[in-house]
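Paired with subunit B in one complex and with subunit C in the other, subunit A is shared by the two complexes that follow.
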Partner chain A sequence: MDAQLSSGAGASLGGLLPESAITIGARAADWREAIRAAGRALVASGATSDAYTDEMIATVETLGAYIVIAPGIALAHSRPSPAVHRAGMCLVTLARPVEFGHRTNDPVSLVVGLAAPDDEGHVSALATLADFLTDEGRRAALLRAGDPRTVRSLIAAYEGGAAGQPDHAPDAAHA
Partner chain B sequence: MPSIDVRVRNPSGLHARPATTFTEAAARFESRITIENLDRSSRAVDAKSILFLLTIGVLSGHRVRITADGPDADAALATLRDLIEAGLGEAAEA
Partner chain C sequence: MKILAVCGMGLGSGLILRMQAEKALKELGLQADLEVADIGTARALASTADLILTSEELAQQLVGVKPRIVTISNFIDLREMVEKLGAAIGTP
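Right, the complex of A and B next:
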């Protein structure tokens, strides 16, 4: 197995993140509302049902703020469950940052949501996403992105253009 | 530099709570500590960072190599091996 974690269908970020799953400037008064915004984006893209949103919130209630994995960035997710229809990601930037209760990485201005139907796909998608986020320049560019298309092109650049041919192509009709 | 190879046994591998438990334990040592996933031929990444730990995608059953460099390296490795072998605080599932 190679270092790019290519196992599993979940490894391509571009394929997992259609424009319908990207929300720029969402309003959230607290971390629950921030995760709800991420949940809505996952539902809008067809990846999950509403129950998964509640599961993501329950994960934070149970595990604490560990999901704030980098300064300003929360990774909302829960275990594989029946509420996950297919692997998917969403990305939500917040109009105003919110506190999650993390010692060093608060406040959060970007919530990335992740859903996967099985453990292998879940961990692979997490790994690819985490790798994208390790670069400070990429993180800063994500936070600055003013529209979904910019987010998609950042990811496409990271993936060497592969994200230009998404598997599901839900946005192909966009002007 | 001392290093150990150990198999991750807890059900969810190194993410979620177990990953947090691991990075917090690593962070208590002064030594520079890295971890690589031998089953993915991953890079050796900072074991004190949850973000970097997630990049190496450790599932249950994977073997990892932990390397420590510093005054408390041996104690760090012993502690981290014990933690992983004890299941990182995660109850074993059927």
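Right, the complex of A and C next:
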């Protein structure tokens, strides 16, 4: 339901994820550097300033590796702050997976960054991204993508195709 | 039945938990109110909920709250959500 809301829940995933917010094959020696790569992508897209990167790192230092929400996927974020200029997301694929210290979901090869000025504007985009990542084939295609433009087209194709369809559209349609 | 989806900040992984729980409840043919809370307010809100959904890491910070805690390790795996939610609600 959330994914189909066009008002109130904010922008589409494509709308919050410009090419400048997508980094392919970032080199990171540890989880801090992986989050820094996500922070740079958010800054490059104009969503945040550098201070937000430190805030995302502080989230993990304070609350632990719970941000590794699925095998190989970290959702780096903090709370609304002056360092967040507008709602934005970023995607960073890592050249080499890194450990975040999560019991079951390490190592991480995809960092999703999220910046939110409030608790509403990103809901629809985040729901769409979660749905997108649910499918192993789509996840693999994203990790294989050689450049940001390819990632954008994968997402655009999914968002275009998913619009108006029920939540449980058969995945065979994407094969 | 009220379910509290708890995450660190109340606007990232908790939203994904809520979304997945909505789908799981639909699949199970069950109804519940779903609310998202950050870990800071979750303890205070816990007494109003029947069930808490969260990660294993954050569950450790909620030890001692009244409602049963269901921990999810893969937030985007609908099967895990359906199985754990079904088991928790089906066996009070």
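Criterion: the second predicted complex is superposed on the first by the 146 of 175 C-alpha atoms of A that agree within 3 Å, B and C clash if a C-alpha of one lies under 4 Å from a C-alpha of the other, contacts with A are read in each partner's own complex, and residues count from 1 in each chain.
Methods note: contacts are C-beta pairs under 8 Å (C-beta built on N, C-alpha and C of every residue); 3 or more make two chains touch, one makes a residue touch a chain.
This is a predicted model, so every value here is computed, not measured.
Legend: residue contacts after superposition of the two complexes on their common chain; A:S124 is shown touching subunit B, with no touch to subunit C. Of the two partner chains, subunit C is the only one touched by A:R103; subunit B is not.
After overlaying the two complexes on the shared chain, residue contacts for A:A29 are found with neither subunit B nor subunit C.
By the touch criterion stated above, A:A70 is placed in contact with subunit B and with subunit C alike. Of the two partners subunit B and subunit C, more residues of subunit A are touched by C.
Shared-chain residue A:T134: touches subunit B and subunit C both. Common to the subunit B and subunit C interfaces on subunit A are residues 1-2, 59, 63-64, 66, 69-70, 79, 119, 122-123, 126-127, 130, 133-134. Those residues of subunit A lying in contact with subunit C across their complex are 1-2, 59, 62-67, 69-71, 73, 75, 77-80, 102-105, 114, 116, 119, 122-123, 126-127, 130, 133-134, 167-168. Contacts from subunit B toward subunit A in the complex involve residues 12-13, 15-17, 19-20, 39-43, 50-52, 54-60.
Put simply, subunit C touches subunit A in their complex at residues 7-13, 15-16, 19-20, 22-23, 38-39, 55-58, 73-78. Considering their complex, residues 1-3, 5, 59, 63-64, 66, 69-70, 79, 119-120, 122-124, 126-127, 129-131, 133-134 of subunit A touch subunit B.
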